[in-house]
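You will see two complexes here that share subunit A, one where it goes with subunit B and one where it goes with subunit C.
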Partner chain A sequence: MTTVAVDVKTLVIDGQNVSARAGQTILEVARENSIDIPTLCHLDGLSDVGACRLCVVEIKGNNKLLPACVATVEEGMEVTTTTERLTKHRRTILELLFAERNHICSVCVSNGHCELQSLAQSQGLTHVRLPYRNPQLAVDASHERFTIDHNRCILCTRCVRVCAEIEGAHVWDVMGRGIDSMIISDLHEEWGKSSCTRCGKCVQVCPTGALFDKSKIGSDHPKYPDFLPYLNLMREAQ
Partner chain B sequence: MNIEELEQIAESVRLENAKFDHEINVCMGTGCLSQHSDKLRDALTAAAKASDKNAFVRRTGCMGLCAAGPLVLIDPEETLYQHVNASHAEEVVASLGGKPVAALQCDLREHFDQQVHVVLENSGHIDPEKIDDYIARDGYQALVKALTEMEPNDVIKQITESGLRGRGGGGYPTGLKWGMVAKAGHDLKYVICNGDEGDPGAFMDRSVLESDPHRVLEGMAIAAYAVGASKGYVYVRAEYPLAVARLTNCLREARRRGLLGNNICNTPFAFDVEIRLGAGAFVCGEETALIASIQGQRGTPKPRPPYPAVSGLWGKPTLINNVETFANVAPIIRKGGKWFASLGTEKSKGTKVFAITGKITNTGLVEVPMGMTLRQIIEGIGGGVPDGHTFKAVQTGGPSGGCIPNEFLDIEVSYESLIQVGSMMGSGGMIVMDDTSCMVNVARFFLEFVMTESCGKCIPCRAGTAQMHTMLTRICAGSGTMDDLELLVDLCGTIKETSLCGLGQTAPNPVLSTLRYFKNEYIEHIVHKRCPAGVCDIQAPAAAHVDVEVLV
Partner chain C sequence: MSQTITIDPVTRLEGHGKITIQLNGQGEVEDAHFHVTQVRGFEKFSEGRPFYEMPALMARICGICPVSHLIASAKACEAIMSVRIPHTAAQLRRMLNLAQMVQSHSLSFFYLSSPDLLLGMESDPKTRHIFGVVGARPELGRAGIGLRRFGQHIIELLGNKRIHPGWVIPGGVTEPLAQAKRDEILAMMPEAYSNIKLALDWYKQIAETFRPEIEVFANFPSLYMGLINEDESVEFTDGALRLIDAQGSIVEDGINATRFSEVIGEAVEPYSYTKFAYYKPLGYPEGSYRVGPLARLNIVKTMGTPLADVELAAFKQLANGPVQSSFYYHHARLVDMLYGIEKIEQILSDPLILDKHVRATAGVNRLEGAGQAEAPRGTLHHHYKVDENGLITWANLVIATGQNNNAMNKGVLQAARHYVKNGKFTEGILNRVEAVVRTFDPCLSCSTHAYGQMPLALTLLSPDGEVVDRLTRS
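Entry: the complex of A and B
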């Protein structure tokens, strides 16, 4: 019988003793143990960028907040995922997102199936104190099947990552910087004229109504990003 | 190359210089060049040739007093002339050996005598592009000493003993960083020199790269030897064309002398340096964004850990230090860590170069030992606030720092003390403000800077700085409310604690520090619709009979 040495770490998350393999992220371990940490830019099956900052957690003895999606576990770590301070920050971040572009749920194609909307509900966000910026951004409907509405985009870069890492086409990328950052296809071509392979993965992983299927307008538009871990698993098996 | 050969070169330079009775040093840094010091040099050369004086003209790097340029220093008399132009050339040459030209003379003993030059020891004294000039002033001795007499560990030990801390802003102990990279097990490692100086009003690194580029290369080579790296990159802004040109030239010279390349000093040690130009993004001064930029990717930061010391450029262990940090290395190796540690305060050793700008008499570059008080720097060396105005605040640390008011001018300059008063050391920019500066407007200016320089990756920094800027603009226009102020403080907290990189984490500092010391100015704008400094253009009529007590 062969044995494989696995480096096991034990830590505490929200008062619960848990064990993990070395190299696992706090988020992975928390979810394995049914502890919920809110996330937005993270998606199982894609690389993590630590951009949305919603998954920040407190670590005992560390003044800084760490993003659970990229911070790896350490022996004896004491993690707290929900505190007054964290909830306040998460709500403010959501407020910033809602005020950044245009997120009027009632007229959004993703109403009822939107991760941003669900997060606002689960985090108890009742109103936005900040002024809405409402920039007048373009809607690119040049693609025969899909549309991108930049007004609904939260720049989580899931589409960029799924296109580059899973589909291997790297059609999407980010242009500009700061508040003027924009998702673009190819070198700022119209989506319909770009090198898009029409696989539609980006539409399925988009957490909001920024990317949607034209044929679903006016009807329920749920998205199914769960195919990713399965796809990765099958590819690894080959 | 060995010590004897270096000595030979130095001796020949000395002999060459001794042929002349006078040396006319003309500053050809960016500041003086903008005032046509190149034409001045040509005129001086022609005048010297035409006269019977035995003098030669040398182009040098920055002499420090940038606002008084073009500067000319006559050696061995040590006469400094300011605001010299080509029409003065004959007069200056004629005065050699006799009475100096009184009308041009710059007599600022106090300005220079209080400074201690370590990083700037050669600035203004050597031709930056002549490697022999550098060697004549003990250049490359430290590298030869490290390679031939010291083990890599001894080098790191000396750096650790010196107490040198990162001069780019964070103040991380340099010896510790080197030790981490040295211990990282990999056959390929990199050394990066961070010359992406972007703080408004800061030009220390530019000056060092322009005035004494070999010093930086020597520091990098020593670092590479200590950590086991074989390849270096200097990341410098494309906005510094002169620094890039001089550095390129110096790289060629150093290679020709066998001080870069393979088998340096007949040892197995190999190291070469490449220059990478930055497109001027402030965020690329952040080390992970800088690495991304060198790799040809979008300059956005990555979460740390993993730190570059473990996984940096192309995933290999990478040492990143600032220009000024590398510039301190050669003197430490030459004179020993203990010597360096004898300068400065208990926790902040050595000297620091500051770029003093704003409402100050002697605008320019100064180098002072750590522990000097802000008052000594501003009122003594800087000559105080000009035109009869009164000092209001000094902004240190760039957009990541804060404004320090008059009551704290007597604190000693060190990494810790500046953080205590709500600012930070930063890379060394010091902007002096007088009673004509509106602190709300200053905060708005810095917020505008970080807003446009934010990379846009993480939400708190991308959207938060934009929201803060909107609020500050509203307050400056006289239409802000006390609720805005409360919300502003609230946003500061979230941006500070949740942003991905240093840019976002420190972005609220200008607002927090001005709110801490100049809250009354915010209230004047909001409640009385009045800008005390008269800077902000407030159109709204003053609100009548507002009960301030209740609102505050």
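Entry: the complex of A and C
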């Protein structure tokens, strides 16, 4: 009988003693132990990029806030997921996201099932203190089945990752830097003329109404991103 | 010394408006205008949006009649898609539109106008509101609130939301009607019938006491337009438009949404953000016409439902030919409501009403489309152009208030000339001038953000702009 040595780490999250395997992220361990950490760019089944910074947590003895989705556990770590400081940071991040582009929930295809909207509610965001930038961004409706509305894009890059990592097509990518960053298809061609395989995974994983099925509106268009872990599992099994 | 009387804002209206009355040196009314003082910009900022988003986007114009915009917009989108929606979807939408008409009319009649009708034009403004009505005649207040709830609750049952339901989409509706919901609507019918009967009986008792107002409340010949079915019965959702003249002769018939812009033009006046619609062959302002409850009853031969037909016959007795005084909008509104209640009951007995096929799908098959429906206050027309991908490149909306705009202005002038003498006016007189506008139930493209009674300020200005007198109601 062979035994596999597992490198076990023990740590404390929100006062709760937990154990984890080495290499696991704080987010993974927290969720395994029913401790909620808000996330936006993270999606089970995709690689993590630590882009949105909503999952930041405090580590005792460390002045920096660490993104729980990419920070790995260490022996003896003491993690706090909810403090006044963290809430303030998370709200500010959400305010920045809302101010950056044009998020008009009332007429959005994702109204009622939008991750950005839900986070704003769960984090107690009542208003945006920053002036809205109101950029004039185009809608690309050239695709036969889907539409991308850059006004609602928060640049989480879930679409980029799902297309590259799961579908293997890598149609989506990011163009530009900083505030000018934009999601593009292929080498900045119209989506309808790109090498898109029309699988629709990007639409399902998009946390907002930026990517959506044509002719669908509001309650008509729930998204089901939970297929990814199953897809990964089945592929690994082969 | 000439003066200008300004009523700003006009109270008990849906939206923000202003009335100015210009007096000459002798204190006689020289001219009067009804101004709509806001610009909303919906036609402009919808450019670049996918066309199928338009119904939801356009419904945001108004919290009172979002359903009319939903339907006119969805029909314009269906013209772009070149689809005919399933029978059940058409019936369900028709019911939704009627429910909205009933609730909007109850708002107009009971909440906004019945204080004038029950308590009197000159009554104390402190109690001249719906609560005053409830205090003076509780059963009347209850009937009004009950009818509004009836309409709103049907909208909620069908569209899951009382205001801005997302249920109407290009191609039909998102989900079919459940049997439990149908039964719940049917259970509300007896109360709705008794409430509208009470309102009609009461209105008929008091109407004649308003003879002086009937004479001067926008009482003049004009053209009338509204949707009508092939059997000459009233229609709110489908059918085509008919235009009649002051004698009741048909001027234009079968105006479908595509032909609308060939027949109807829009003029602009410097004093209002609302356009002035007119019948093109007669030009502006001669071609001005009225829409809404009064116009609908003037153009039809039958309502198509038994109880409303009895009321229509009585209404037609008010004049030899079309009924001209806008005061009778109140009367026509009640007949509309009775029809709405009866028709909803008829629609619910349609054997296909619970059918699951309620949606047609298609992409862009035409680069231009128009749709029309009857909003509670009159004909509503949406017209869009799209690019190959279905993004809006141009949009034009012709709303009921724009089509009544010229009549409202003429009516305000008529009433002001009659009531304001020698530069003298009282609060009660100015309330009558406002009441002229209220008969039309204009929707000044507002939403439901005006809560309670807005303050009314009257200012008398000398020709050089100096404030001569000020009267404030708060």
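By definition in this document, the second predicted complex is superposed on the first by the 235 of 238 C-alpha atoms of A that agree within 3 Å, B and C clash if a C-alpha of one lies under 4 Å from a C-alpha of the other, contacts with A are read in each partner's own complex, and residues count from 1 in each chain.
One rule holds in what follows: a contact is a pair of C-beta atoms (placed from the backbone, for glycine too) under 8 Å apart; a residue touches a chain by one contact, two chains touch by 3 or more.
These figures come from a predicted structure and were not determined experimentally.
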| item | value |
| --- | --- |
| First, second, both or neither for A:Pro131, with subunit B first and subunit C second | first |
| First (subunit B), second (subunit C), both or neither touched by A:Ser106 | second |
| Between subunit B and subunit C, more extensive residue contact with subunit A | B |
| Touching partner for A:Leu228 - first (subunit B), second (subunit C), both, neither | neither |
| Contacts of A:Val79 with subunit B and subunit C, given as first, second, both or neither | neither |
| Partner chain in contact with A:Ser215 - subunit B first, subunit C second, else both or neither | second |
| Touched partner set for A:Ile93, first subunit B, second subunit C, both or neither | first |
| Subunit B and subunit C contact sites that coincide on subunit A, given as residue numbers | none |
| List of subunit A residues in touch with subunit B within their complex | 49-53, 56, 64-65, 67, 70-72, 85, 88-89, 92-93, 96-97, 99-100, 129-131, 133, 154-155, 173-174, 176-181 |
| Subunit C residues within the subunit A interface of the complex | 48-50, 52-53, 55-57, 60, 160, 164, 166, 169-171, 174, 361, 363, 389-391 |
| Subunit B residues within the subunit A interface of the complex | 281, 283, 298, 302-303, 305, 451-460, 462-467, 470, 487, 490-491, 493-494, 497-500 |
| Partner subunit C, residues of subunit A touching it in the complex | 106-107, 109, 111, 138-142, 144, 147, 149, 192, 214-220 |
